[in-house]
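Pasting the structures in now, so scroll down.
Each of the two complexes below includes chain A, the first together with chain B, the second together with chain C.
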Partner chain A sequence: MFSLTEDIIFVAMGIAAILSVIFVVLAIITKDLVKATIFSAVQSTLYAFLLYLLMSPDIVLVYVAVSVGLLPLITLVLVKKVGRYEKV
Partner chain B sequence: MRRYRDVVFVSLPIITIALILIPTLLGAIGPLPPIDVRDLAKTYLYFTLDIYNKSLWAASPEAVTAIVWDYRGLDTFYETIVFYTAIIGCLALYREVVRKPDRSKGEGLSIVVKKATAIAMLGIVAVGASTVLHGMLTPGGGFQGGSIIAVAPVLAIVVFSRILVDYSKITYEKAIMLRNLSIIGIALTALAPLIISLGNAFIFQNQVKAYTTFSYPSSILDVFMGGSLWFLNLFEGIAVSMAFFIAFKVLLYTEETSKEVLIGEDYGY
Partner chain C sequence: MDIKTIMFVATIVSLYINIGVCIYGVLSKPNLVKKFIALTILQDSINTFMILDGYRLWRAGLIQPPVLLNWSPTEEDLKQFMMRAVDPLPQALVLTAIVIGLAANVFLASVILHLYRHFGTVDVDIIGVLKRVAISEELS
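Coming up: the complex of A and B.
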């Protein structure tokens, strides 16, 4: 039903999706909020890759600018104001 | 305790997905969409650039932009207004300090970083502008290009320090004015068919329709420009980039300047 190219694309999507889950977990369990922001940006990058493979370049363009560029910046500004390490 | 929390954390999404998935597969939400739902997409793809049947076309090879601004222009207009209002809320919170230059006396990062960033900023603005202006030909459009352009002034604030941005030609008043003018531009582009043809057209009308004769120019030389889509993308791009610029300028104030707003409340004004 599917050609080899499509199979490769689906495998790449699967790998990106699983990796993104790992980075989400890392972002949640880490106590260092700067590291959490970086993990979340990596997860956003993987999501952008996923959206690109799903053939929605319109969404990729806005997603890269907002969630890899502007959102980590806002979060880092916030972290600078509230302190870097999460208290348990 | 920690392990217990981790187990709950891992099992919660699994349970949630199962709770949604199993009833869906058993048919609890009614009949699922048929396989031929893709016909809708096909219809749009056929009609956006059908030069033989121009009754419903948008004169744009890019179907997404055509749907966003031509077929569903009002939706996008209201989204733009929501974004506009959200930024106004942000500015209203900081109304005491938005016009003042910041107190920081920083000199920015090193000369190497400054030079590299200056070159990168030019590239960012160029990519953003081409995304906005080619919105009717290639993927992208007003919001996408505007948010790409917005990264450049944010980089400038971080790398060159605020002093450059505070004393540059792009003042707060000018940014606000550009943003308001572009919103008016969007509204006028939507209403122009009605005004020019004295009510004998539709709002957000792009090309000529049955019963109405108004039509934006569909191409420049031999390139399709999508009629009103080009103007709408341009205004949206300016509005979004200016909105992000103002919002970040306000958010990146130093701590002392930000606190002036809070001190005001302590004294009861």
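Coming up: the complex of A and C.
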């Protein structure tokens, strides 16, 4: 019974980490900076889930507010001022 | 190898790949906003890696939280607590690092905005050429 729960925790951890790799690569290769910001926010959400599974809920409380809320907001304001598309 | 080991190794390898991809983004992308986004992801990856470093597999009694429930703990309680609890030192370090990183990131964003207002672009190659032109005009 306990072994099954442990397996589920580890499988969820691995899936969150592997999905975050996909979103990091998408955020780096895309030319649209708004899309890059959104991919970075999705990656931050996955990291928050990973941190929760790693038994640090105190970090999650700060991390969600900072890295899912404030940093994409600052980046979006910056993108609005400097222009949306990266030149090839 | 059981599924737990495979998934834990997959998590570690994924974080290493994220750190590598973000270093590539910081070094090779000319756009300063893209560099900024890659730098924030790099910070998050390193912070998560440090938390992963302090993680300990919580074997028996997954229902019980990793805190000390007894107000006047006996030796057996303390031994159980030491076996269950994770290392709090990386967590305190990362909690401070996230908050300081937010301040550093806001400063970087304002620097990028001032560079854009001065040069009219956020491409570091063009900014380098413009600076070289300005310096040679001043010297001549």
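Rule of thumb we're sticking to: the second predicted complex is superposed on the first by the 86 of 88 C-alpha atoms of A that agree within 3 Å, B and C clash if a C-alpha of one lies under 4 Å from a C-alpha of the other, contacts with A are read in each partner's own complex, and residues count from 1 in each chain.
The rule is short, and it goes like this: a residue touches a chain if its C-beta (ideal position, glycine included) is under 8 Å from a C-beta of that chain, and two chains touch if they have at least 3 such contacts.
Quantities reported herein were computed from a predicted structural model and do not represent experimental measurements.
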Item to complete: May I ask you to decide whether A:E6 touches chain B, chain C, both, or neither, giving the answer as first, second, both or neither?
Response: second
Discussion item. Quick check on the superposed pair: does A:L73 touch chain B, chain C, both, or neither? Answer first, second, both or neither.
Written reply: first
Item to complete: Tell me which partner A:T37 touches in the superposition: chain B (first), chain C (second), both or neither.
Response: second
Item to complete: Return first, second, both or neither, reflecting whether A:E86 touches chain B, chain C, both chains, or no partner chain.
Response: second
Discussion item. Per the contact definition in the header, classify A:I28: touching chain B only (first), chain C only (second), both, or neither.
Written reply: both
Worksheet item: In the superposed arrangement, does A:L54 touch chain B (first), chain C (second), both or neither?
Response: second
Fill in: Residues of chain A touched, compared between chain B and chain C (which is higher)
C
Worksheet item: Residue overlap on chain A between the chain B contact set and the chain C contact set?
Response: 28, 58, 62, 66, 70, 74, 77, 81
Item to complete: Write out the stretch or stretches of chain A touching chain C in their complex.
Response: 2, 5-7, 10-11, 13-14, 17-18, 20-21, 24-25, 27-28, 33, 36-37, 40, 43-44, 47, 50-51, 54-56, 58-59, 62-63, 66-67, 70-71, 74-75, 77-79, 81-83, 86-87
Worksheet item: Residues of chain C touching chain A in their complex?
Response: 3-4, 6-8, 10-11, 14-15, 17-18, 21-22, 24-25, 29-34, 36-38, 40-41, 44-45, 47-48, 51-52, 55, 57-62, 66, 86, 91, 94-95, 98-99, 101-102, 105-106, 109, 112-113, 116, 122-123
Item to complete: In the complex, go through chain A and note every residue touching chain B.
Response: 28-29, 57-58, 60-62, 65-66, 69-70, 73-74, 77, 81
Worksheet item: For chain B, which residues are in contact with chain A within the complex?
Response: 6, 9, 64-65, 131, 139-141, 143-145, 147-148, 150-151, 154, 158, 244, 248, 251-252, 255
